[in-house]
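In what follows, chain A forms one complex with chain B and a second complex with chain C.
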Partner chain A sequence: MQAKFSRKKITEAVTGYLFLSPWLFVFIVFSAFSLGYALYLSFTDYNLLKPPVWWGWEGYARVFDNDLFLTKALPNTFKYVLIVVPIQTAISLVLAFAMDQNLRFRKFFRTVFYLPSVTSSVVISLIFVWLFAPQGIFNQITSLTINWLDDPKYAFYVIMGMNIFTTSGTLMLIFLSGLQDISPAIYEAAQIDGADPIQIFFKVTIPMLRPVIFFVVTVGVIGCFQVFDQIFVMTKGGPLDSTTTLTYLIYKWAFRDTTIKMGQASALAVILTLIILVVTFVQRRVIEGSGSTTQ
Partner chain B sequence: MKHLSKIMTLVCLAAILLTACGAPATPQTITVKETVTVPETQIVEVPAKQTVVRLSGWASSPSETALLESLLYRFSVENPDIQVKYEPITGDYKQALLTSIASGTEPDIYYIDIFWWQELAKNGVLLPMDDLGVNRDAFVPSLIDAFTFDGKTYGVPKDFNTLGMFYNKDLFDKAGLEYPTDDWTWDNLKEAAAKLTDLSDSTKPVYGFCTPPDPGRFPAFVFQNGGTVMNADNSDTTLDSDAAVQAADFYTSFRAEKIGATPADLGEGWQGTVFGKGQCAMVYEGGWLIPYLRDQFPGIKYGVVMPPAGPAGEGNLIFTVAWGISANTKNPDAAWRVVDFLTNEASQTTVMESGFALPSLASLQGSDYFKNNPNSAAIFNGAFNGAHPFFWGAVGSDVNDEMGKALERIFKENQAVADSLKAASEAIRKAIKEQ
Partner chain C sequence: MSALTSNQPRNIRNERLLTIWGRLKTPFFYTLLVFWGLVCLSPLYFTLVYSLKPVANAYIPPIWWPTPFTFDNYRTVFESFDLFPRWLYNSAFIAVTVTILRVLFCAMAGYAFARIEFPLKNFLFTALLVSMMMPSVVTLIPKFLIIGPGFIKGGIDVGPFHIPTGFNLIDRLGGVILPTAIEAFGVFMMTQFYKSFPRELEEAAMMDGSGRWSAFFRVVLPVSQTQLITLALLTFQGEWNRFMEPLVILRSPENFTLPLGLQWFRGEYYTLYSVILAGSLFNTIPILILFFLFQRYFIRGIATSGSKEG
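This part shows the complex of A and B:
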């Protein structure tokens, strides 16, 4: 019996990996290898034209000595995460809660809220560029004369707003599936105990959603730390570096500068990975560790 | 058990496939024999002599791409032994080119821009063309010199542009002003800008002069004031010199006095559009604006003169692109013949007459085309009147970024001109030190 079982296990494993192999191949070539190579490059002086030369921690030292990194990219990125993640999580939770009720045209609204998420970010960026142009619709409706995307005071907030607009739909969908997973029996029990709807929301729904909240916040934090395409399309890091984030700085050093700084850019990419790792770890402690419903 | 049998079928299938590939059966050798017949030697003959050369550049507009394709077609008719594969790059050209160089798959011939090509030469990526037979004397000296590094020629300039002052004739007529001439000075410019500005219609304000925070426009004023952007060997910046600060003072005074604006003030990304819409009466732009206006604003009446002279005389910028040959090319001679053909008099005349860019050959200076096209002539003549190449050394992108930001700080944060340029110079010096 024992021998037969293990042989079956082996064949299962072999078929498993056989089916996985196309994906594994893509993962190893395009993700694992690139990750490892970027780590190697972060310790080299590399300008794309000559083979990389080892220079140890010099690239990291230069990152931490760079004004653009210290005074713009790093604070901007954290500001972006701290503003966008709570708002998009709250909005998507409320939307999901509303979509879970027995409303008329529920399916229609679900589609409408989800639509921005499946639209290309470049297309949405261009639409926002037009909306917030000096003679754009937004200024005409509000009769303001602000040049939103060319003003260091406002440009970053427009991009934040756009990101909230596009990602809330996806997060709403995740919350919705989480809400529908909660057993009606628990709600019934709460009602019998005399809880009012607000109490039910905060004492039943939210705790039951904790794993989903963790997932949504994690996905949101990682996405926000990596915000790039919207900035590339809308402001190119300007005006006056007010929208330069870590990923845009990586791009600038790696491809845009006259003298390419691939090593320094890779060092910053590794630093960004570490930042995301630490933040995700801390957040896991905070969200999952605070309640008694940890699974 | 069901799964097991499925797997067995899979394995059997794989086995059949493997044996089919591994051990060829006898009938297949017969088919091989069939192909080894006389016609095959005939087919092989032609491609063996035809050398394939890959050529690449950015695709700025469909009509420009079509123009190059027609030149390459003419080349293929005259040179049947060379096959040119044209691979235009849309999007970020420099990024695409550098990654292809890094992976060793770059084209044999490609565009090199005056702004960053020296990095390629310094790293031994480009082939020096002196031994291939480049005739340096045939070209406008400042252009061929711009592509010389360490005494070697690394690129053949394909064309060039300078800045001209485009002015809207209708707006001048409306303000009752004489059209500008090549003899204008800063004072004339300022005076005219004040008279041309008309802010009575708030939905469509008209400004006299456009002053974008653009590192490709502002340096002309620095040169006109006797200053420079960088010192002679690009080892230090001179943006905090008195000449540069005064130039910035003058440049930013238009907007401060509400007789000038940036394109962004008017909701556009480029002053060419602002000019076409008639919201700026005068702009400094290159020859590329001519086909743009023809396509987008066919109704506009405009003229072009050389930029007005400053206290120290004429000043201008030269923008130029050359054909470079990869140091890794397997067919340097074939590549050279393509480059030579694309920059010869016949090809350059075709390009000139299309209005896209100005010829780099000295022999075309007296061409009839310029007599009939005074607008192009003004831009062409700019090259001989105080023009400096648009090139700031190895930290060029930093210099451009800092120059643009210095102007933006003056425009948007009302920073003092001298302080703003001082800050820019310090940032540039730090970038130079990190090289």
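This part shows the complex of A and C:
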């Protein structure tokens, strides 16, 4: 009996691993090993032609010594995150709040708002390149004559605006489902206590939404730190490196430069990962720390 | 009582503000919705209008209506430029293959995590959660090396055996498919689903003498249809639009996906912007059709992604 039981257990374990095998394969090869290998590469000099050569912290030192990193990619990326994340969170929250009112045509608006999110990043970027061309529709409508994407003063803001526009739909849906999860009993209780709509919004709705806000901001931060497609299509990091971000710089060093720098690019990828980890952690503390805990 | 009287002036002012707000609320929200709706629709609308105008008119008004009207750009997409159909096929092939594989594999892995007892389960589940949070850019370079030339170029020689360390799939569709055939978020989503799923059905099937596998394929998979469709749609949308990985893996124009191809086409023929607009609609419209048909599932998938983290 005992033997039979353990045999059953072994069969169960084998079945379990068989069910898991496709994931295990991809996880081991493309996540676990890849992460380890990225760490290893970050300590090497590697240009694809010769095998990687260990050179310790040299790659990191070169990253921190690099002008493009220090004066463009790093500040640009932070600027991008600090502008895009708050605006897209605010717009999507306000839109979700409007959608949560008892208005007509809600389903129609929901569909329309989600349209930019289903369009591919490349396609929407190509469309924006054309809309914001010197003779493009945007200048025609506004009677301006700005060369948006060739001017270091404006190019980055066009990309930011476009990304706020494309992600707000998805984030709005997340907020909307969060709003609809708040029990009507809580609103009724607040009303009986004499709270006005503005008090209800700030004292009830926002605190109840805190986990969802955390999720939306986290997704936004992680996504914005890795912005790439739009920059590749619209400006290739230019004009005058004004739109070069960290992810674009990693790509440039690893795949595009005349001398390929896979080691140095890996060092930057590790640095970017650490930045994302730290920022996510700090932001969690800020969102959880602000106001009283409600849940 | 005294508290009430001392608060009165403030309350009256608040009252007044509240009546104003009560009256303006609905028009305000409608204006907001209509404004944002127009913002969302306009790029697509202008794309459609200008894709129906001659190439020479790519920057010429009127902007609201396609005059002069022509189908030439669509003709170019399908007749004169034979790479377009090729890109469409590549995109469809990658997206469909990845969707089928991922739905199946995620369901299998999710079922294993939720139902089957095996050693190291908790450790592996933690590993899954960690890999979900890892930014994808950190593994971009190793992924490229493993799919292509190998992390040790030329492989390793062990005695008479030659062991390659890469899949040699650069510039092949398989190289895009392989690392995305399963993905952590899908596994997590299916695990959560199967955890809340009644055991009785599959147990009844297993009592009949059929093993785990047939119980899984005959009972569990069909019953999880809704969840699988949601995962399939989100996967298809993501893969159909994916750019960065195909960009580093696919090299020759005939192997490009549609987004890659459109971007490349712009570089080569930047004067033919109307053709790009027409071509871009072939990227947008299939997703739009899917979205309209299965809106419920899309919205469910996105909504659950938010509440699960919370």
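Here is the rule we go by: the second predicted complex is superposed on the first by the 271 of 295 C-alpha atoms of A that agree within 3 Å, B and C clash if a C-alpha of one lies under 4 Å from a C-alpha of the other, contacts with A are read in each partner's own complex, and residues count from 1 in each chain.
Please note the rule applied: a residue touches a chain if its C-beta (ideal position, glycine included) is under 8 Å from a C-beta of that chain, and two chains touch if they have at least 3 such contacts.
Not measured: the values here are computed from a predicted model.
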{"item": "Partner chain(s) touched by A:F255 [first = chain B, second = chain C, both, neither]", "value": "both"}
{"item": "Partner chain(s) touched by A:I124 [first = chain B, second = chain C, both, neither]", "value": "second"}
{"item": "Residue contacts on chain A - larger count, chain B or chain C", "value": "C"}
{"item": "Which superposed partner A:A38 touches (first chain B, second chain C, both, neither)", "value": "second"}
{"item": "Chain B versus chain C as contact partner of A:R110, first or second or both or neither", "value": "second"}
{"item": "Which of chain B and chain C A:L48 touches, first, second, both or neither", "value": "both"}
{"item": "Contacts of A:W23 with chain B and chain C, given as first, second, both or neither", "value": "second"}
{"item": "Partner chain(s) touched by A:T15 [first = chain B, second = chain C, both, neither]", "value": "both"}
{"item": "Chain B versus chain C as contact partner of A:R285, first or second or both or neither", "value": "neither"}
{"item": "Touching partner for A:K203 - first (chain B), second (chain C), both, neither", "value": "neither"}
{"item": "Chain B/chain C common contact set on chain A", "value": "15, 48, 133, 135-136, 255"}
{"item": "Partner chain C, residues of chain A touching it in the complex", "value": "9, 12-13, 15-17, 19-20, 22-24, 26-27, 29-35, 37-38, 41, 48, 51, 91, 94-95, 98-99, 101, 103, 105, 109-116, 118-124, 126-131, 133, 135-137, 140-141, 165, 168-170, 173-178, 181, 196-198, 211-212, 214-216, 218, 222, 225-226, 228-229, 232-233, 247, 250-251, 254-255, 262, 265-266, 269-270, 272-273, 276"}
{"item": "For the chain A and chain B complex, residues of the former touching the latter", "value": "11, 15, 47-50, 62, 67, 133-136, 147, 150-152, 238-241, 255-260"}
{"item": "Contact set on chain B toward chain A in their complex", "value": "3-4, 7, 92, 94-95, 98-99, 101-102, 115-116, 119-120, 123-125, 203, 264-267, 394-398, 405, 408-409, 412-413, 427, 430, 434-435"}
{"item": "Residues of chain C that touch chain A when the two form their complex", "value": "14, 18, 21, 25-26, 29-30, 32-33, 36-37, 39-41, 43-44, 46-47, 50, 58-59, 61, 63, 101, 105-106, 108-109, 111-113, 116-119, 121, 124, 127-128, 131, 134-146, 149, 151-153, 178-179, 181-182, 184, 187, 211-213, 216, 237, 240-241, 243-244, 247-248, 259-260, 262-263, 266, 273, 276-277, 280, 283-284, 287-288, 291-292, 295, 298-299, 302-307, 309-310"}
